[in-house]
Every structure is written in C-alpha cells, then in structure tokens.
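Each of the next two complexes has chain A plus one more chain, namely chain B in the first and chain C in the second.
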Partner chain A sequence: MSEVTQNRTFFGRIAANPTPALIWLGGVLLLLSVEFSAFVDALILFGEQINPLVGGSKDIGGWYVDTMYDSLGFAGGTVMSALGALVVLAVFSVFVKAAFIPFSIVERLGLEDLPISADLLERSIVGAFLVVLWLVLLYEPLAFLPALPLIGEPTLAQMVHGFAQTMAGIADWVVANVPTLLSRDLIPNQGFNPPASAASEYPAGSEILGARIAIGPYHGTFLGLSPAVAWAIRVVAIYLYAFVWLVWVWQGYKTFRRHYRFADWTPRDDMIDRLSTHRWGQFGFVVVFLFLVLAMFAPAMGPTTTAQNIYNPYGHEFQYVEDGEVQTITHGTANLQSASQGTPDNNVGVMNYDDYGRFHPIGTLSERANGKDLFTFMADGARVSLFIGLLSIALSGFIATALAMVTAYYKGLADLIVVVTSDSIQALPGLLIYILLSVVFSSHPISNIYSGGFLLALIFAATGWPALWRAIRGPAFQVSEEEWIDAAKSYGQRPSATMRKHMLPYVAGYLLIYGSLTIGGIIISVAALSFLGLGVAPPTPEWGRAVNIGRPYVTTVSWHIATIPGLMVVFVVTGFNALGDGIRDAIDPQSEGSGAGESAAAGGGG
Partner chain B sequence: MSRWGYFARRLLLAIPVVLFGVTITFAILRLGPLDPVAAILGPNTPPSQYARVEEQLGLNRPLWEQYIEFMVGLLTFDLGNSYVIQENTKAMTLIVQHAPRTLWLGFWSVLIPLFIGIPLGFYAGLNPNTMGDYFASFGGIIWRAMPNFWLGVIFYSVLSQSVTYSEMLTFGVVQFQWDAWIVTNNIGTPPPLNFYNSNGTELLTVGGTTISLFSFDWEVFVRAVKMVLPPAIVLGSASMGNEMRLGRTAVLETINSKYVETARAKGLSRRKIVWKHVFRNALIPLVPIILNEAFLLIGGSVIMEQIFAINGIGYLFFQAAIQGDMPLVGSLMYIFILIVVFMNIFQDFLYTIIDPRVGYE
Partner chain C sequence: MSKQAMSESQSTVQAEPMIQVRNLKTYYPGGGLINDEPVKAVDGVSFDIKKGETLGLVGESGCGKSTLGRTLVQLEDATAGASRFQKPDVVERMANSYGRRTVDLREVYADNDATELVTKLFADGVQPKAVAPDRGWEDVSASEIDAAEFVQQTGLAVSDVIDQGFGPRLGLFGEKDFIFIQEGRIENGVYEVERGYIDVTAAPARALKRLRGRQLGIVFQDPESSLNDRMTVGEIIREPLDVHSWGTPRERRERVRELLETVGLRPEHYYRYPHQFSGGQRQRVGIARSLALEPDFLVLDEPVSALDVSVQAKILNLLEDLQTEFGLTYLFIAHDLSVVRHICDRVAVMYLGNLMEIGPTDGLFENPGNPYTHSLLSAIPEPDPSAAKDRITLRGTPPSPRDPPIGCPFSTRCPVKIRPDEYQHIDDDIWQRIEVFREVIRERTRADRSLTDHARELLGRSTRFSDVTEITDELFGDVDVPTEVAEHVREASSFVEKGHDNKAREYLFDQFGSICDTDRPKHYSVSDDGRTSFCHRHVDRYEDPAPEFEKLKQKR
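This part shows the complex of A and B:
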C-alpha cells in the first residue's frame, strides 16, 4: 500500500476503492432480503421483551427498595436504595455509551472546558437520558402531570409510544406480507393425503407465489410431497442458507484483508492459519454452528410451531383423514392421542407419523407433557439454553475482564480483595448454590422474564465470574509487567485508557477460550436444574426437562424421549469443548493441551 | 517464604473466605424473597399465628442481630433446629444421620476414576497416536461431556432391565441379572451401611487365646459396594475423563523431557524408565486435579441421590432448599464451605510436599 492509502481511515480506504466492498454488501443485502420478514420477526420478538423488561425493572427495583427499608430501617434503606439505583445506572450508562454512541457527546456539545472529567460528564449525560427514557416508558400517562401541558399535545410519552406502535405495525405488516424463503408458508410440511372422494375439494400440492404445483398427492404440503420430505427439505434449506451466510462472512473477511486492511500481516492471520489445520477445533465449530442455526431458526425448524405444539395446542386446529373422510381436530386433542407411553400401541418413535398424519422427526413426548412433538420442543429448548449460556458468559466475561484489568494494573490490595471475594464464591458448591438461588427467587418478579431464563443467566453470571477471572488473571498480570505499560504510565495516560488500549487486546483472546469452554458447563447445569424441576419454568421447553419426562420410558419403545435430548447435550457440549480447544491452540500454541483450560472445560458436573 | 509461613498465610486468608461465603449464604436466605414462616405453616394461615411463629423463630428482630446470631451459631457449631424437614430436630443430628451414605458414595466416586482414568490416560500417553490412544482419548472426551443426570437415568434404567439387555446384546446367550449378581439387592434403595458394627464385637478363640474382633459382615459389605457402584461411576464420570486427559498430557510431557532422554541414553530398560522416571513425575500435576474433582462431587451428589434414591446429604439439601428449611440449608452450606476451603489448603500443602519446585506465592 502506498503512503497515501495507509494514512486513510478504514472508511477512507473503502471510499477510495469501493468495488469489492459494494459487491460484498450487495451479497449481504441479497441474503437478508430473502429472509427479510424473518429478521423483522426476530426484531419484533426482541421488541416485545422490552415491555416486560421495563415493567419487571419496576417490580425488581421495588422489591429491592422494600427489602432494604425493611431490613435496614429508614436511613439505611434510603442510602442503600440510592446506592443501588446509582450502581445500576452507572453500569447501564457505561454500557450504552460504549456500545451505542460512537462519537463524543462532550465534543459535539462543546463542553470540553467544564472542570470535570470528560468521560464522567459523558456518562452522566447518557445516564440522565436513560432515566428520562425509563420514566417515560414506565409511567406512560405522563399527561396527568401538571407540567406536561406546557409541552403540548401529543406528550413526549405518547410520541414515544406512538412511534413504537407504528414501528410494530409496519413490522407486523412486513411479516405478514413479504414472503420468506425458509418459512413454513413457502415450504409447508403440514398436510394430509386426501381420499379419492375429496380429492377435488382438497387439491394436491401447495401454492407457491400464486401457482399451485404438485408432485405428490398430499394437500397442503410443499409440492404435495409427504410431510416428512417437506420438513426435510425445509431443514436442509435452512442449513444451506446459514452455510451461505457463513461463506459470505468469510468472504467479507477475505475482502477486508485483501483490499482494506492497513497491515499486510497481523498475528491474527497466523491464528486463523493454525485453526485451518486444527481438525478437532473444526469439528467443534461445525457442531456449534449446527446448534446455533437450530436455535436461531427454531420457529422454522420444527415440524409444527411452538404455538400449536406447546403454548396453545387447543387454540389451533388441523385437518386429517380418518375412515376416508377429512376431519378437523385441535392439536391438543391429537397430541394427547399420540403421546409416547412406552407400549408399542402408544408410541410415536423416531421418524414416525402419528395417527393424524403428522410427522415427528424424533418422536413425541409422553402424556405427562401432553404428547408434544419432541423436535419442536428441542429446537425451542436450544434457544433457551443458548440465550442463558450467551448472556451469562457475556455478563461474567464483562465482570471478569473489568476486574482482571483493575487487579493487574493496581495489584496489591485490589487484588487481595478480589481474591477473597472470588474464593468465597468459588467455595460455594456449584450445583447447590444454583438450586438454592433458583428456589429462593422462584416467586420473585425477576423469574417471570423469559420463564426464569433471565434469572438463571444472572445466577450463572454471579457465580461464574470468579473462574473466568482466575483464568485471565495470569495473562493480565503478565501483560501488566510489560514495558509498554510502564511507558504509557510515564506518558501520563489515564489508567482506564491504558487498560483498555494496551492490556485488554492481549487478554480478550483468553476470554474467548474460556467462554467457549464454560458455555458447555452452563448448558449442562441449566439442563440439570430443569431435570430437578427448577430453573426454566414450564411450558417453556428445556432439554433437561425432556430427560426427566422420559425417565420412566428409557428401556421401553419410547426410549427416544430421554435418550435423544441427552445425546444432544453430549454432542453440543463436546462441540463447545472442541471449539475451545481449537481456539486455545490457535491463540496460544505453546499451551498445547495443558494448563487450567482443562479443568475449565465443561465436565458433566450436573 | 518458608513452607510454614506460607501455610500460616493460607490459613489466615481462609478466615475471610469462610466468613464471606457464609455471609453470602445468609444474605441469600434472609434478604432473598424466601419466607420461612410461610414454608412452615403453609398458605392460608391467620396473621396472629404467623406473627407468633415469626416471634418464636426470632425473625422479626433487626437483621444485624439475626446476622450476628447466625454467624456465632455457625462458628460455634451450634447449627440450630430444623424448621420443616423434621421440626425441632437439631440440624447437626440430621446431617450426621445422612452423611455416611454420601461419604460412601463420594469415596467410591473418587476411587473409581483414580483406578480407571489415570491408568487409561497413562496408557494413552505412552502409546501416543495409536488406535488405542485415539480410542481412549475420544472416549474420555465423550465420557466427560455426558451430563450426570442423563447418564444416571440411563444406568438406572438399563440395570433394572439387565436381563433383557444382556440377552439382546449377546443374542440370547448370556442372561445377566444385575440385581441377583453375586448378592441380591434392590435397585433404587440406599446402600446398607451396617456391615461394620463399631459397638458389637465378636469373640474368636484361636489356639486357646480369645481375641475380640469388630464384627464385619462381608455380604452386606459387598452389597453396599455393589449398590453404590453405578451412581459412583456416573458421579465420577467427569473426573475420570479429566484425569485421563491430564494423565495423557502429563506422561507425554515427561516422556519428552531431557532427563528421560538421558535415562534412555544410558541404556535403562523401557520398563524402568516408565515406572521410575515417568510414572512418578507424571503424577504430580494430577494431585490438584484429583482433589479439585473431589469437591465437584459435593454438588453432583444431589442428582445421583435423587435418581438412585439414596437419602444422603445431597438429598437432604435438596429437600431443605425446596421446602425453605433455612437453618438446615445454612448449616449444610457452612459445612460444604469448610470442606471446600480446607480441601484447597490441603491440596496446596500436598502439592508443595510432592513437588518442592512449586513456589510459595
């Protein structure tokens, strides 16, 4: 690269040579457009979580304040409540500032001359903005306040809500009207083979973009194929689509490397080279990829929807053929009739149809779970596991990294305090403290968010950060001894800037290793808790509950209920462990299979 | 720093760890939304009775008083009475009643991995990149990733149908009935631990002199071992996989070291090299792992006791937790914390003895 291009920013380099970037971006847009309404649907799902979160935050905050006032008296309660609010606000402000605001507010507003730290001021502004937003969202009828008429109609709160509703309306319209490549509308697998007498009433095949195409005799399924084949086509199509995405992201990285990167070579290139010959790590990557796609595309994966199968089985009807006639029945009633009960007469096993012509790729659950379809249950359960695993890893990783930076930079007393704290938390036996916390908080408002999944994520984060901190403490200490840290100090760089710029990049890789290794353990623990009847509350599916439901039937023809979920846990956990091994060998080739990573790897602790 | 100075410091540091750990437990129990009075009385109780019980338990006093009482009680091992599980029974009595079965289970689940995992790991390390190595390594990885609760369910079910499965696997040649094998036993009941009677003695006359022996019932002993084996194997599964993998790495590292090369150069036989130079040194990194695993078992035993219906400490904890029996939960937590903390110190102590190269930091 010439001198001129080297001095440009990333966006500057793209502007100078836009063709490869535009080609890549075009591909992304194309990929997005075929699944557009599914992505909008996912956005709606996130949006719908905001209201329970805001409402829940009020409940939880109220509970905290009440507890503090009850136990510490008026003065103590006030102080503790204020302190709690401040801590929460501070954490959120730092997070929002770091994640969503890429520019300096202080500079934009021209407040550099004020005699307080720019960072603090910036975060205070963000914090104040958050408080206002939260209040507006929470106390919707702000119009009753006497001061508000001054703002005039419509009030700010109404505007915020109106905007949100308009967006939701647009999103709903998009979901309803824009066809999606991988939806069950385009590739339906629910249908029946109409008897000859009703063949004209129920034509074979399904409508694709207005035209009815039929290869097989089935009514309502994709091309009139049998439900099993239609379902298989959809699943294969989903994985193909995800695979194309993967290839395109890799392509994007290569484009960046070839055309837009400042340096010809970075250490990261070597890491990727090492990964590309690491078969075991690649195996892990493939497994993790399969799991991620299963979780992300769960609504389209199952042979039936979660609404029909789990949440509202009596609110949905379907048609089937009995005695040469087309009948209508609710999913709930049909589910009960097709439960797997361990006898050959009462069993819908792997790759089987039930009496109502519905296909069950890995059979059905027992009567205790109302004979639901196991695959739909597992696909949605994968979402729950993934959500808990990722959120808790992210939270505990955040805590662990922050503490590792601080302890490695300041050493001494700060280190000692964190050592004692983390030792104390680690001295509490794992599964027991999970059990205790999930029992204690089972009737608390926080356990309503995502059926207790959010609570579990918090529990795992609160008990999991010491292990992560221990793991990255060594590397953090090592880097804090380097000369460039001394140099930064002697320049008078602020400690937070030194930590972020000169220490964090070195440690971040280790976080990836241990994150991947511990996420398997979290999946096992979540499953173990729901096996014991704690944690994620029914009817929200969880893998461990399937094992518990299938417990009496392991040696019968209904062996699939407990065995397949268990095998899936083994598979996914092995995958995460293998991926962690691969990343470790790529980042830190000297460690070569020894070190603390071994014990951090998920054991079947649950 | 000398070894003793180091351990004095470790012990000193253990005090705040224990105190803080117990404080966390107290905070969870008393600040959390758990209502012990409702747990005792059940729903729909008149407020007067509610207030009376609250008064009786001292739950209406200021929190700091309760905290001090709780801490002092624990530190003097006055663990208080159970609220719900068995009212007005000392928590300590309950724990002592339930402990032996858990200890028996824990003992075997530490022992079995030791004698299976480490030899397998060493074998794999001594024959690296052979079929046997791949088989053992891959088996270890899978074995480690299996969730205990699932493996336990599978073991339980297969053993209770052992006749069918043995016939199926050997095409009807072998009929193996687990519950009638060697000694008869039930599956899904706690193992009998009365094989050793510390009070009763047996008198035995040998050549004119009478010696007294503790009575020891072999049949009951064998039954107890047999019954504890399946849950112990499952509980030890994770440790077995871990020990195997680490054993393999340790052997590989030792066998490639300079002194082994020297030993080979001076013409020592392979057997001597392996047993004298490799084996003992490769054991060193395994010591902390073994002890580490030991306290993982504390948590894991809850699930095994639940599946195999062994009423040990884990079962007691689970019942106490879901029924809101605060004193029992608190005491159990305290005891577990003590075990974990002292096991940690003991592990470091052992480590410095085995491997003097370890620094005291």
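This part shows the complex of A and C:
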C-alpha cells in the first residue's frame, strides 16, 4: 500500500475506490425503498411517543413549581423553583460539557488566570448558554421584535412546531400514497370465498398495483389464496426481507474489511471468529432476531390490524359468508362470538378459522379479552416488551456505565457514595417498589406515555442500574489499574477522554453481556406485573396479560391462550441469555468457549 | 579522597541542571485503623539532573525508585519538597499564561532579610538542621543559637531559605505559586525569562497538562500493560499529539509514521494492533508514544526489564541514539547494574527511600563510597565461574518503609556499621550475633499479631513467635559472651518474655546503638568529580567503608 493511500481518511479511501461502497449503498437504498413508507410510519410512531415525553417533562417542571409555591408561599416557592432550575441546569451543563464540548472553553477564551476552578468556570459558561437557550424557548423574546409579527408571529417555538407539523404532514402523505412491499395492502389475507351466486360481484383475488390476478377462489386475499396461505406468504416474505437485510449488513462489513480497512486484523475479527463457532450463542441470536423482527414488523405481521383487533373493534367492519350470502359484521361482534372459552364448541385453537372465515394462527383469546386474535395481540405485545426492555436497559446501562467510569477512575469517596446508594436501592423489595410507584404515578401525566410502558421502563431503569453497575464495576476497576491509564495521564489526557478511550471499550463488552442477560429479566418482570394486573394498562397488549387471561383454560382445549405466550416468554428470555453467553465467550476468550485457544493463536499471527 | 562535609548544596556544583529535586518526599497514607503510619516510599531526596545527561537510579525492589520516577512526572503526588523543571523558554511561556502564580524571586530576595526570616523560623519551632541541612548543625537546637549568629556563621541567604522550601510557610509567596523567575524582565505585563524554574509538585492540574507530554514524559516497564490493546499502534502513538492539538490531523498521521521509523518499526505498522507485536516491538511503540511530543525530560522506568537480553541491547541503543538526536534528558531507573553502567552518565543509588550515593558512573562502579553501594556491586554476577569473588551477602531484609530506622536507613543491615566505643574490643563474631539478635527483636515488633496470638499469649500457650530463650540459646549458647553483653541480652530477653517487644527493642537500641543508629548521616563528598555518599564513615573520626570491607574480606 502506498504512502498516499495510507494517509487518507475513511471517506478519502471510499472516494478513491467507490465501486464496492456504491454497490453496497445501492443495495441498502433498494431494500429501504421497498419498505419506505413502513419506515416513515415507524418514524411517525416514534414522534407520537416523543411528543408526550416533551410535554410530560414540561408538566413535571410545572408540577414541581406549583407544588413549591403552594406549600411554601411566594418567597419559598420562588427560592425553591430557582433552586430546582439551578440543579437541573447544573446537571445539564456538566453533561453537555462532558459529552459535546471536546475542547477547553477556558483555554480558547484565554480565561485561565481567573481565580476560579477551570472546570467550574467552563460549566458556568455552558450553563449560562443553556439559560439563554431556555429563555428563548420559554419566553420567545423574538416575538417582541417589531418586524416579526408582520409575518405572522413566527416565534422560535412556533417555527419549530410548524416545521414538525410540515414534516408530519409529508410523512402522512408518504405513508398513505407510497406502496410498501410487505404490507397487508399488497399481500392481503382478509377475504372470503364468495358463494357461486355472488362470484361476479366479488371477483377472486386482490388488486395488485391495479391488476387483479387470482389463482384461488377467495375474494380480497392475495392471489385469491386462502387467508391462511396469504398470511403465511406475508410472514415468510417479511422474515425473508429481514434476513436479506442481515445478509446485506454482513456484506457491508465484509466490504469494509476487504476494501476500506487498513488494519489486516483487529481484535473484533477474533470475536466474530469465536462467535461463528458458538452454537448456543447463534441459537440465541436466531431467537432474538425472530423476536426483533416480530416486534418491528408487528403491524404487518398479524392476520388482522391492531385497530381492528384491539383498539377499535366496533369501528371496523368486514364481510363474510353465511348461509350462502355475503354478510357484513363488525370485528367486535365477531370477536365475541369466536372467543376461546375452553369448551370444544367455544374454541378457536391453533391454525384454525373461526366461524366468520378469519384465520387465527395461534387461536383467539377468551371472552374476558373479547375474543381477540392472539397472534396480533402477541406481535403488538412484543413491541411493548421490547420498548420497555430496551429503554430501561439503555437508561440503566447509561447510568451504570457513567458511574462505573467515575468510580473506577477516581475511586475512594466517589466509589463509597455510589456503593452506599446502590446498596440502599438494592435493599428495597423490588416488587413492592414497582407496585408502589405505579400506584403513586397512576394519575401523573407520565403514566399516559405508551399506556404506562414508559413509566415502567423508568422504574426498571431506576431500580436496575445498581445490579448492572455492580456487574461492570469489577472490570472497570481492573482496567483502571492498567498502566495505559497512567500513560494517558502522563501525556496530559483529560480524565473524561481517558475514561472514554481507555476504559469504556473494555467495559462495553461486559455491558452488552449483562444488558442482554438483564433484558430477559425485565421482559419477565413486565409480564409478571401484567399477570398481576399492574404495569401496562389494557387495552395495550402485553404478553403477561395473555398468560393471566388464559390461566383458567390451561387444562382445556383452549390451552393455547396461556401456554403459547408463556412459552414465547421463555424462548425470548432464553434467547437473550444465550446471546449474552455467546457475546461473553466471544469477548473474553478466557471464559469457557469453544476453540478460543485456536483463534487466539491464529489472531496472534495476524 | 577528601573527607570534608559538603560546604555547599549540590546545585551549585552542577552547571545548568534541567531537573532540580529538593528534599522530595512521597508518602502513601497508612490506611490501617490501628497502624496509620504512612509508607515512606521516598523519604527526602535531593539531586540534580543536567540537561542532556542520563542519571541512573538503582536499588533493590521496593526501595522507592519507581515511586521517585513517577513523582517527578506527577503520577504520584509529592508529600513534601520540590521538583523543579528549569528551561527558560518553557518557564517564560508558563509565566505568561499563569501570571498570577508567578513569583519574581529577585524581588523576594531584595525585600527580605535572611536573619529576619530565620528568626521567624526559629520562633516557629524549626530546627537549625532543617534550615541548613548537611552543614554541621545537627546537634544544635534553635534555642541554643541566635538567629543572627546562625545566619552569619552559615552565610545563609534568602535564596537558601527558599531553596529548602520555606517560602510558602514564611509567606514569601503563596502555596499555589509554582513559577519562579530568577533572571528576566517584565515589560507591559509580558515576562521575558532568562533563568527560572517551574515547581512541578506545586503546579495545578491544568498547567501540568501542558507540561506533560511536551516537557515531561515516562516510558513504562511493562510493554504488555502500558499499551491499550483495543487501539491500533497508530492511534496509540497519535494520542499525545491529539491531546495537545499538534498540527493538523494529516500532519499528525505523518508524524506517527516518522516516529515509527525512528524507533525502528515500519510505517505500515500504523494499522496493526499491539497484540501482533513482540515484547521488544511493543516497547518501541511505547517509546515512540513518549517521544511523540519530544519531551525535554523522560523518565525511563525499567524500560528493558521485561525484555530478553538481545532485545534489551537494541532498545538501549535506540534510547542512546534518540538522546543524541533529540538532546533528551533521562532518568533511567533500573535494577540491572550492568545496563546502568552501559548507558548512564551518573548514577544514584537508592535504599529505603533515600539516596545512598550519587555521582559519575565510572567512579561509582570502580571505587564505591557507600557501604550499600559496595554490597550492591558485589552482587553483580561474575561471568567467569572460576573467578574468586568475595560477595557481601546482606543480612535479613530491608526494614519496613512504614517504620524506617531513625539513623542511617542502612544501619540495620550494614556490614561495616560503626560500633559504639565501649564495645570496640568485643570479638567480631559476638558483635555479629548481637546485631542478629537485634534484628530478630525488630522483626518481632514488626510482625502482625492476630487476636488469637494475643489470646494464646495471655493464656500462656505457645505462639508462632518462638520463645526468646530458644533464640538466645541458639545465638549465644556456644560462645563465650562478655558479662556486660550477657547482662544486656538477659535484660532484653526478660522484656520479651513479658511481651514487651518494643521495650526490648528500645533497650537494645540504648545499649548497643552507635552513631549509625541514632544519627542521620549527611551526604559527604567522596571524590573530586562531585560524588557524594550518605554514610557516617566518611567523617574523619571513623575508618572509611572501603578499607573496612577489605578487612572483612581478609577475615573470611
């Protein structure tokens, strides 16, 4: 390799040899385009969840200020509100300085000689900047400018709001008008086999981009196939699509390795090598992959939509054939008639049609849940479980990592404080705290976000970080004793950068392991809370509630209601644990793992 | 060999020192609930390192040499004393950005009177020997002498008082002041420095950050643990450049390639990981990283100890070449004396946190002054197996740095320790046994006794501490002990029997202690080239160590 190419940055290297990168990028765009509106739809959903979050934090602030004024009078309230604002600002400015400002403001501004600690000064500057930003957003001082009202009071907040509105409008249009490959519009599975008398009125098959192609006799289903087959085709297509993505991402990594990476070997190669021989970990990966795809493509996965099935069953109608005539009925009414009640007469089991010609891959729920389709319920429930699991793990992982870095770097008092705090939290009885907090916050605006799922995630994060911190504290301390930490200090590296560059990479692996192990526990806990009737509020589906609903019918023909969700919980949790084991063995060859010695030797030859 | 005590501190002997260490102490806090005596890893060390020279630092493991090296680059905080970095352009740059923390020493010298300062110090309870160490004021207390007389007799100047670190205590400048200007100008608030220093031990973190990498550097012993193996070699070497925003990113990458070539690696190793290198290559990477910003002063903390011999030679030659090329100043810490002899201009011998001897390498190796240096050098293995060599084997282990001897740090193991006058006539063999006896008692006081040991003792059961009569029998049973000695041994034994080990130790100290036990020695000049040794035997009254060692050899 010549000197010139070696000196290029990553993008420079791509510019020098763009073909492989462009091919890969083309593939990505193709894969994206066929599902474009589904992705946009997901973004809209994300925005809808974020919106109340922003409003919620505003509400919490308002609630705090109001409470203070009410209980302490004007003077006390003002002082306490100011104090609260100061605390929030202090926390934010420390965070903003550490995370987003890599250079020393003090040195840039030449303020080194001021008789004040440099860190404090820098944080004060950041804090002051944040105050200005805050005031701009809160009081919109731009509105007082004389020229602005002429163009219709476009204050800053309104402009932001308007921008969001426009984007949401565009997104809605995209979702409504751009076809998606794997949607129920393109591959519908809801239809009926029209009687001979009405065959002309109800032609076989569905419209695919304006054309009507039919193989089977069914009206409204994909190619006129039976609802079961049409649904199966869609599910298989979705998994195929996800699999292609997986392969393409892997392909991208290989392209990078072959064409754009200069190192002919990195420690990561060894990890991948080890993972490639780790069957248990691969099993975990497959299970987790199946679960993730189920959650991500939940709207297209179910044989029916969540709106029809769960949220507004009486607002949606469908047609079916009875006594040789085509009838119209609401989903709600039909659901009630096809609930699984434990008797052979009142049961829609696994892989069965109900009396209205609707296909239920894993049966229906009982009358208590209005006979909803169980698969749709589970697919949407997977989203809830995943949302709570990922959010709480991300939050507690962030807290745990930050604290592990700080305690391991500074040791001593910092460590002692965190030890005492985490021990106090761990000494609390977990279930009681969940119940207590969900009751305390039941009427608070925060409990409305995602039917209480967000609150649940926060509670799990707040009570879960001590365990995670304990788990990574050891490795963090170990790495903090390494000489390269001293070396970094010896050439003047900042503590935050030392933590990030020289400690975090060694702890991140453990975080991944313990995170994937803990996420299973959280899924179980959420299910357990729902089983007890707490946690995620109905009608938002949750796996634990399905188990609870099906409990009386386990010994009857309607065994599927409790058994299948229960098994799925077991599978998913086992899958996450297996994946965690695999990652651990891949990262840490010393732990028992297959062929660790060989690959290490091979890697050493590099 | 001249025997006069040093009339002046070493700093004036050396021309243009780059590093000036004065009375440096690094203690580690005790931490224990009962025994909170600090570990005195470095216990008052003073020396200079000239620009461009290599000072070797040798000693047994645990003598504090690594701690000293780490303190000089402030990886450990100094407990007391100063480590001064002298380079006019650096001092000038720092003075201009830390004007508030800058002291113009000429003003301080002009504004103050030495007698006044010393009066204040004496009133403050400071002893004369602390104000003017190594000048023969050890036995005089502050109440016995008038400050004016003292100043007159010692010729003490304000600079000497400041040199001993009394500046902040006397309020001559603040404790946080760390830039000192000896010669220079101030024009419109801009400093121009011709001579001055930065007290590294007092520098705040932000100033240290600017000194580190550019002025002070360190190469670590273990190349396995000093390189972060999740980063490529290029990233590792580039990090100091990134930290100090050296040049543009492109220039940095080019600089790293240059450095790789400088230390004998290939530029294409940039994207390799430390795993992929041998120990010697990894150490080269470590050296390249330390050199990235061309520091003026580099601490080499046993840089070749972890490497095999063939690689050692290559690394040492590399270090020498780099020194010639960049004009670097080294503090070379090692325990391999042959390596030190090969690479160092001057050598300092360290024992229990103290410098025992310091001076030019050749003289020190050929004609060592200090008894400890004698013992250390005699431990060098002879390549010729048939060569008859009288090796001096030191008795016992070094004392605990928590509880070092009051007098000479080497007094507990010294083969040529001075005897008190009243015991001069006693047979060497018996004297040897007395010393062993004292050593045993000292070890007993040091040993940790568990609660069960105490309980057993109280119940009169046997403990793992063997009975004192057994010890005395074994030591003195087969020889004819003079009565006065036997008396003292019996008295000490009776203390031990009652469980008062410390009393026994003190009793023996009172009876058999000599000047080596009671008084701290001074650094005496032992050669014409400025070598000094820390031993009482250089005083005229006593025989020099070298002839004493000859006598020892003949007796064998």
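Couple of notes before you dig in:
Heads up, the rule we're going with is that the second predicted complex is superposed on the first by the 494 of 606 C-alpha atoms of A that agree within 3 Å, B and C clash if a C-alpha of one lies under 4 Å from a C-alpha of the other, contacts with A are read in each partner's own complex, and residues count from 1 in each chain.
In this text, a residue touches a chain if its C-beta (ideal position, glycine included) is under 8 Å from a C-beta of that chain, and two chains touch if they have at least 3 such contacts.
Just so it is clear, the model here is predicted, and its values are computed rather than measured.
Of the two partner chains placed around the shared chain by superposition, chain C is the only one that A:A487 touches, whereas chain B remains out of contact. Look at A:A528: by the touch rule set out above, it reaches chain B but stays clear of chain C. Once chain A of one complex is fitted onto chain A of the other, the partner contacts of A:L437 are limited to chain B, with no touch recorded for chain C. By the touch criterion defined above, A:M80 lies against neither chain B nor chain C after alignment on the C-alpha atoms of chain A. Of the two partner chains placed by the overlay, only chain C lies in contact with A:T266; chain B stays clear of it.
Using the contact criterion defined above for the overlaid structures, shared-chain residue A:K501 touches chain C, although it does not reach chain B. One of chain B and chain C touches more residues of chain A, and that partner is B. Taken together, the two structures place residues 603-604, 606 of chain A in contact with chain B in one case and with chain C in the other.
Residues of chain A that touch chain C in their complex: 1, 3, 6-7, 9, 106, 112-113, 115, 118, 261-267, 482-484, 486-494, 497, 501-502, 505-506, 603-604, 606. Residues 63, 67, 71-73, 419-421, 423-432, 435-437, 439-441, 443-444, 520, 524, 527-528, 531-532, 534, 544, 547, 551, 554-555, 562-563, 565-566, 569-570, 573-574, 577-578, 593-594, 598-599, 601-606 of chain A are the ones touching chain B in the complex. Contact residues of chain C toward chain A in the complex are 70, 73, 75, 97-100, 206, 208-213, 216-218, 220, 222, 225-232, 239-240, 243-244, 249-250, 253-254, 257, 267-268, 270-273, 275-276, 286, 289-290, 292-293. Taken together, the chain B residues at the contact with chain A in this complex read 13, 16-18, 20-21, 24-25, 28-34, 62-63, 141-142, 144-151, 153-154, 156-158, 160-161, 164-165, 237-239, 241-242, 245-246, 249-250, 253, 285, 289, 292, 295-296, 298-300, 302-303, 306, 317-318, 321-322, 324, 329, 332-333, 336-337, 340-341, 344.
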